[in-house]
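Let me begin by handing over the structure; questions about it come next.
Labels run A, B, C and D following the written order; every chain starts at residue 1.
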Amino acid sequence: MAKFTSLKEAVADNLRDGDVVAFEGFTHLIPHAAVHEAIRQGRKELTLVRMTPDLVYDQMIGMGMAKKVVFSYAGNPGVGLLRRFRDAVENNWPHALEVEEHSHAAMANAYEAGAAGLPCAVFRGYKGAGLKNVNSNIREVVCPFTGETLAAVPSVRPDVTFIHAQKANRKGDVLIEGIIGVQKEAVLAAKRAVVTVEEVVENFDDVHPNACILPNWTISNVCVVPGGAHPSYAHGYYIRDNASYVEWDAIAADREKFTDWMNKNVMEKDETVFASRIENLKGAGK
Amino acid sequence: MAKFTSLKEAVADNLRDGDVVAFEGFTHLIPHAAVHEAIRQGRKELTLVRMTPDLVYDQMIGMGMAKKVVFSYAGNPGVGLLRRFRDAVENNWPHALEVEEHSHAAMANAYEAGAAGLPCAVFRGYKGAGLKNVNSNIREVVCPFTGETLAAVPSVRPDVTFIHAQKANRKGDVLIEGIIGVQKEAVLAAKRAVVTVEEVVENFDDVHPNACILPNWTISNVCVVPGGAHPSYAHGYYIRDNASYVEWDAIAADREKFTDWMNKNVMEKDETVFASRIENLKGAGK
Amino acid sequence: MSEAFSPDEMMTIAAARALGNSDICFVGIGAPSAACNVARLTHAPDITLIYESGTIGTAPDVLPLSIGDGELCETAVTTVGVPEMFRYWLQGGRISIGFLGAAQLDKFGNINTTVIGDYGAPKTRLPGGGGAPEIASSCGEIFITMKQSLRGMVEKIDFFTSFGHGSGGNHRQELGIATKGPTLLVTDLAVWKPDPVTKEFTVRSLHPGVTREQVQATCGWEVKFADDLGTTEAPSEQELNTLRDLKARTKAAHEGQAA
Amino acid sequence: MSEAFSPDEMMTIAAARALGNSDICFVGIGAPSAACNVARLTHAPDITLIYESGTIGTAPDVLPLSIGDGELCETAVTTVGVPEMFRYWLQGGRISIGFLGAAQLDKFGNINTTVIGDYGAPKTRLPGGGGAPEIASSCGEIFITMKQSLRGMVEKIDFFTSFGHGSGGNHRQELGIATKGPTLLVTDLAVWKPDPVTKEFTVRSLHPGVTREQVQATCGWEVKFADDLGTTEAPSEQELNTLRDLKARTKAAHEGQAA
């Protein structure tokens, strides 16, 4: 049953050194505030699972928190490469990084299978693809009816998943709207789940019956962190801060610049800073 | 791309003797009008797929249209048995009926796999269950990571699926709300799909972004048939006619009574009769 | 204190009492639906009720006739598709208690709702399993409610629609099933629980006024009674009123529709 | 009639022309997104654009920076979860055309966007495949757009991120892939199509003003030219205006946000 707590408390209660952790959100609703709190708490030896590692894992990898990353697209969407991730893979800085690489289809199916309580996901994929040769977690299953060879990957079962959502109600049920990505699956696949939200509303009586809602008994902690997705966005609250994504490229390109930026913008701040970061992005663009 | 046509035309264009056909709707939105039109057009040798055969398949079986039925629960929900189905299985009346019986989980997974373009569905099921011994379409697959034995069933891929939905917009996109069942999967799994709707609206601009919408290019025909789910219901339009479900038990119990009822209420009617059947059920109950 | 009550009412109320506030219940129609909603309206207001039609966290004011009545959706926290229901919520291991009824039941909690007689040429073709085969294996534990009869409680069921404890003992574990299986049987005459070792259903308490002989006379296997056999607590006034009000509201609503 | 235009503009417009009103396109970011939206705003108003973020039937007014910008959801017919996108819509075989870009491309349309150098110890770690491995095998056919360069168009790619025609001929069918694979390559210099038998990309038309030598000088394999080599039709005023207006709106929108 979801408890309402501060983000600091939620991270301390749920994220441990060595955990397999997913911070999910497909472009939309990326839980930046939760990642920054995890960075401040200095967790280590994490296995980071995420379809698109994006800025959040670039930051955690650069801060030396990751033992391994499980992913399907390690780019800065629309901008270019992830330079801290590259530096870790190419130069072992700040230390070596283990890589388990999949396709989007495989990762999406692996989350789905995790939510479904299955040990593996079965799908039609990786035909002729090189990843099969470098990832021993890509295997095969034969359809017992047609004989077709299908791909199989292990399901994703994180120790803990962090997501950002638009709203919780007073009971701690959580509503996700718009581009919903794999968040429902990432929460249901995990042992524990922490959700940061833009706001708490009285009830969801006026919400569509088939909207994406996570009941409170699927969630460990709910934390109210307005702006907690910035520079990603929260549909209906504020738009994507594309300029910050572009700026990240230069920041991450240089180890010293990166460290300075992390100190100034993450280590010396707390979760309350996010509300101010979205001031100029509310209701913009439309 | 969906065409707007009469139901008569849609059935004539899409349902052929010998087809594998699904008329879906899980308690809610059962496409009674489409079934009655299929009965009037006298299709034969059909393989009828449906999780809960319900009154609609009881009627088609009793009328001798079914060669085979693929299902998971052959009851009149909350009332009792399906007496025409029983008569066919127990006494071969009006002729012998082939039966492929699954669990709900298997059928739901089989529709899902059909929509996903897979040859089979893989899930954890049928452990210790007797259906494994009488249905050769229940097989096994071994997880290549854990060694766990999982169940496999062939995906459902109907030649044609019929569903009833609340609304279409002018472009032929279809909106389903409330208890959505397996309708999306049944449509996406099929080669052709016919949707009867309560009404056509200008657009779906005010609909929730994650509502269950089938784009017009997934549908063959859209037919406006107000009341087309009766005695099932259409959430937001009219409630379930529970009394009719109770009455069916007595009608179906007797071959002659059944035949009379079908003549009077189906053969001598057309699709326009459904609008009058829901007159007293609109806005009731709430 | 308590008024007269029927065996049916006792059965529903005894089942309701076994449910807790933090339970996530997969509800079937009939007695299970009444029991779950009585629990919700008495001692377990925060219980989560899930119907296989996809409605999660429902709080119906009247009992649905089918598992997919509109009331279930209108009062639900959310309504999902049926494939998601069976994959994420049932198979995902999120249900603590699944309720099953039975046409035939054996002493190890194995259930038949498929056929009487031979499967290929049945004497009576019953509706079949629906969700039961996977409810029986995926829910944390299984509660069974049924009225006792020699036809229903049999030495050997004609078909294994859903697996209980098989031939008893560790049979479930041997098949790789990790969940507990049937842990409670509530009939119109008694409350039964499986023996911890043999897994055979054993009568733990007789409903008020019921004798051992009555239980045995309506059960097709030789009944085992617990050494510390008790008497089921009679329905309280609150329990009885809650159940009767619910049934009255349900009757009024369903008849209203038929008009 | 037509004004001056850049090679980039020609590339986008030539790709746009290959799209029809009834196509269902799986759109990537960059040139594919521009081409698909130019098609939608000119000759193919009813084209269906799908982004892998789950947005189906989008009609963005400006080009998204990422595949999941809010504009895509706001203008979509519906927005589904990412597992559903990859299972029902891509794997389900409902996409007629998938657009891919490439860091490295070989003459059989095989694509590398994973690493330059050895996978275990790469010289350059690129973003990786994302949706590409299954886009390449599940879409009806694949269109590729890229700027020509010796670094990009190579004899042998370092990693098979996604499979095109493999080593040519019937290699796809031999692997059990039922879809057509790459059927079109539009670069900043030319339009290429695979040879019907060998499946090697062959230049079918040179963009206006481009020579064979320029195409060969920026391509790492020996280029084959069609016997009936043509010239790509120059962009019309409408095409050019549509593209430029779209880019201007996009620039204004994205800079506005940065302020």
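Odds and ends about this structure:
Note that in this section a residue touches a chain if its C-beta (ideal position, glycine included) is under 8 Å from a C-beta of that chain, and two chains touch if they have at least 3 such contacts.
Please read all numbers here as calculations on a predicted model, not as lab measurements.
Chains that touch both chain A and chain D are the following: B. Looking at A-C alongside B-C, one finds more C-beta pairs in contact between the chains of B-C.
Between the Cα centres of chain B and chain D there is a gap of 40 Å.
Chain C has its Cα centroid 28 Å from the Cα centroid of chain B. Residues of chain A in contact with at least two other chains: 112, 116-118, 123-124, 148, 178, 180, 184-185, 209-212, 235. Each of the following residues of chain C touches two or more other chains: 73-74, 79-80, 87, 91, 138. Every pair of chains in contact is given here: A-B, A-C, A-D, B-C, B-D.
Those residues of chain C that touch chain A in the shared complex are 22, 24, 48, 56-57, 73-74, 76-80, 87-88, 91-94, 138. Chain B contributes residues 26-28, 51-52, 71-75, 77-79, 81-82, 85-86, 89-90, 101, 103-105, 108-109, 111-112, 123-131, 134, 148-149, 178-182, 184-185, 212, 233, 235, 239-243, 245-246, 280-281, 284-286 to its touches with chain C in the complex. The residues of chain A lying in touch with chain C in their complex are 1, 112, 115-118, 173, 184-185, 188, 204, 209-213, 215, 217-218. Remark: chain A residues 116-120, 122-124, 137, 139-146, 148, 150, 152, 154, 177-178, 180, 208-212, 235 touch chain B in the complex.
Those residues of chain D that touch chain A in the complex are listed here as 29-30, 52-55, 64-74, 79-83, 85-87, 90-91, 114, 119-120, 122-134, 136-138, 159-163, 166, 171-172, 175-177, 253-259.
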